[in-house]
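As written, the chain order gives the labels A, B and C, with residue 1 at the start of each chain.
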Amino acid sequence: MRRMTLWRALLAGLVMALVLAGCGGDVAEEGGTPDEADDGGSENGGDGEAAGSITGAGATFPAPLYNEMFSTFAEEEQGIQVNYQSVGSGSGIEQYINNTVEFGGTDAPMTDEELEEVDVETLHVATVGGPVVPTYNLEGVDELNLTHEVVADIFLGNITEWSDEAIAETNPDADLPDEQIQVVHRSDGSGTTFIWVEWLSAVSEEWADSVGSGTDVSWPTGSGGDGNEGVAAQVQQTPGAIGYNELSYAEENDIPHAFLAPDADSEFVQGSLESAETAIEAAEVPEDLRVSVSALNVTDDGAYPVTGLTWLLIRQEMDDLAACRATAEAAWYATHDGQEFAPPNYVPIGGQTLETSEEFIQSMEAEGEACYEG
Amino acid sequence: MFSILSALAQRIDLLKQVRRGNTGDVIYKVLAYLFGLALLGIVVAIIWELWVQSAFARQEFGISFLWSTSFDPVQAQFGALQFIQGTLVTAVVAVSLAAPLGIGIAAFLVEIAPRRVNAVVGFLVEMLAAIPSVVYGLWGIFVLAPFLRDYVAPWLTATLGWTPMFSGSFSGYSVFTASLVLTIMILPTAAAITRNVLQAVPKEQREGMLALGATRWEMFSQAVLPYAKGGVIGAMALALGRAAGETMAVTIIIGNARRIFTSMFEQGATIASVIAGNFTDADSGAYVSSLFLLGLILFAMTFTINVLARLLIKATSSGPTG
Amino acid sequence: MSQEGGKAGPQRAGGTSSVTAQTMEVQNLSAYYNKFKAVTDVSMKIEPNKVTALIGPSGCGKSTFIRTLNRMHEIARGGRIEGKVLLDGEDIYDDRVDPVQVRRKIGMVFQKPNPFPTMSVYDNVVAGLKLERRHKKSELDEVVEKMLRQAALWDEVKDKLSANGTDLSGGQQQRLCIARTLALEPQVILLDEPASALDPMSSQKIEDAMQELKERYTIVIVTHNMQQASRSSDYTGFFFIEDMGQPGQLWEFGETSKMFSNPERQETEDYVTGRFG
């Protein structure tokens, strides 16, 4: 969910330059046009009208989607400009906490510790989801069926050979090589890792006890790659490797990924937009929405359990009414009309997740007024 | 301490010169001073920053951070030993391979190659030093790793597989690959500086040895190399420093496993690679602070390497290196 | 000085060496740097147990010539020769001859003292010996003392044999280089302006050393010092260059006494009397 450090530094520099240039422009405009004239010219009028421009920063994973949907949003709807800087979930959370942006973007929910640093309630508004799939490199094996337990055992280092009986049992037709399993994981902290290990913790007690969950964990075995591309490169370069990637990344690069099932007798499901959407629809999410769907290990028919969400981080109570309204409008758009931009790389949300997100947006307020006007 | 004293002495000298009216000299000296101080200031600022930012980790984990091998962001437990191991092993292996190769290349260029070849190849070698390290990293993945896996590793396993050093299977991403990539990365540095050092050995030294009936090889090993020893050691120290601090290429190829490794075929991590790979995503104060502490350790390591190199130069050459 | 000579004499007689000074004969020798001809068509006979001095204005090819005598010339880029140089009747440029062996038989001392800075005085003296084979320590000790005595340096350095070669004075360094050359027991010793970088006292000491050495060696010395040449040499060769860009030639060659008192050619007389060059 993030590009290489180098690229990011470049990108951040570029964005900074752009923002600075943008600010310069604004100042000049303001000099020429008094604020009142601006207000008077806008549709809604009055004090509490949506601000002309809001800024968000955070996760890189949904950035292309946000850019696309927000530019359409600016054209079609209220003319609100939304700048989203893709600086990574960590920086996004930091900027959100420091209140230097109207909203943050993250692939992993904020921790309790982080939430305490914010003086008001933080809303996790889910926008889209994405499956994380076990990518592998096995010559001649086009279809690989793994039970949840086997995946956990592989990543725990309990199963080390592809010829292991537990694997052979669910793949009677596959020509499994007599090779060592090379586990590949992310070496950097990432939302992808979070989704993956949340799921491993849900399906394996041993994992939950000995490794646990987070955006970065102490891996019991295997090698680490930097970023999605790092993991993908290692998997593709190493015969006998198994790793985990975002679905869109695996598909773009034509890396095969395994089918999963709770046990050998159940239906094996492969990560896809449909199977992930099924999982999101069926997920019984908690009230604050701070959970990866993967942690719930949804095993309904046709549901792919290793599915994560990406969130907008929004203050329930904001200082500036105009900014609050703009943020609420943008968030609503992102969770409704904007969903049409989700496929093929992102999974639209639905079910309880969508309902909870709607409630969150409706609860936003500033200067004693509700921000979302419907 | 000495530097402060000599700085004082020089300042007094400077005042005298102002009185004497050597304005040009004074301006030059003041400028040189400022730049020198700026450099010192930067170094001090870096150490200070590392020190302050690592305060939390130092208090939390104490000195045992140095020999702890746990690195668990979930439990917020951090240690440095595996990274110190990774850094030292890759850097030392790289230098011990690059040193003979670098000296060999430099010797060939200076002693054997025709002047034009020396100039052209010398230029190419210096060019190599300017290639961005990410390129070396990618080359490591796409060219070196498959080559090692198909040709070198099976042979090593067959001959040396019984030693712990080359035991286990080789996946391409390994401490071994990283060490070799580092070797190639620091080779230009080692060769280019050694070449300059060898070129600076006076003609009289070579002729003196040849006139005693030395072969070219004897001349090189008995007269040229001893004379240039200080410079060569300096070149290797520089190469070692570069290897220890190299980040991008290592991160790409070493496999980023934050564990102690026993075989060169295993994955590992270096201080530089773990800092670069995790700094922006570290999500707790203890994590960030630990990375700063790792940075401080790396700084101390490179510093020690340089001091040791200086001592080595002093101890081994009573010669003209001063 | 005659006393010292007396000391060295018996020692050598009782020593291990079997050095014999040899005649060298140069026949139609020309020396080149790539296409540039630095010395042309030199023929001369260098007598054993005699000092042959080479004089001439700067740039006329003295150094080039003397370096052809032990095949050091070919080390220079593009350095090559035409003609013959016979040592004891055998051409040192014959295809079958190893230049490394030639240089062991014909030693050379350079203009600038060049002791090996990383070696002690002791190791400097035996540096050449150590190249050929392993020697016993006692054997080496003996050689070191003997050679330092022959180079008239023993008394000055006998207490600092383990000091660095470069810690000696310039004159001592040069005599150390002579000792180092002597250690190989060569048949001929070539010296290219060995005293030009030294003070008169040191220069005198080297001159003295040479007088003793000629009893055992054939000596060729390049010098700019006319007194030195006239005092200490038996034969003198005058090199001259007619015009810029022309190769140097051996303008006149003969016994030193004649060359300095009654030379055949005008240029020689002008030069030795200090009228030019």
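The working rule: contacts are C-beta pairs under 8 Å (C-beta built on N, C-alpha and C of every residue); 3 or more make two chains touch, one makes a residue touch a chain.
No experiment lies behind these values; they were computed from the predicted model shown.
*Asks:* Connecting every touching chain pair, does the picture come out as line, ring, star, complete or other?
*Replies:* line
*Asks:* Which of the two pairs, B-C or A-B, is linked by more C-beta contacts?
*Replies:* Most contacts of the two pairs: A-B.
*Asks:* Using mean CA coordinates as chain centres, what's the subunit A-subunit C distance in Å?
*Replies:* 85
*Asks:* Please report how many Å separate the Cα centroid of subunit B from that of subunit C, as a whole number.
*Replies:* Centre-to-centre distance between subunit B and subunit C: 47 Å.
*Asks:* Between subunit A and subunit B, what distance separates the C-alpha centroids? Give it in angstrom.
*Replies:* 39
*Asks:* Mind pulling up the subunit C residues that touch subunit B in the complex?
*Replies:* Per the stated touch rule, the residues are 70, 72, 75, 77, 100-101, 103-104, 107-108, 110, 112, 114-119, 127-128, 131-132, 164, 166, 177, 180-181, 184.
*Asks:* Would you pull the subunit A residues touching subunit B in the complex into a rising list?
*Replies:* 2, 4-6, 8, 88-91, 93, 111, 113-114, 180, 182, 187-190, 211-219, 222-226, 230, 233-234, 237-238, 240-241
*Asks:* Note which residues of subunit B are touching subunit C in the complex, please.
*Replies:* 115, 202, 204-215, 218, 222-223, 226-227, 229, 317-320
*Asks:* Touching residues of subunit B toward subunit A in the complex: what are they?
*Replies:* Per the stated touch rule, the residues are 70-75, 134, 141-142, 145-146, 169, 171-173, 248, 251-252, 255-258, 267, 269, 276-278, 280-284, 287.
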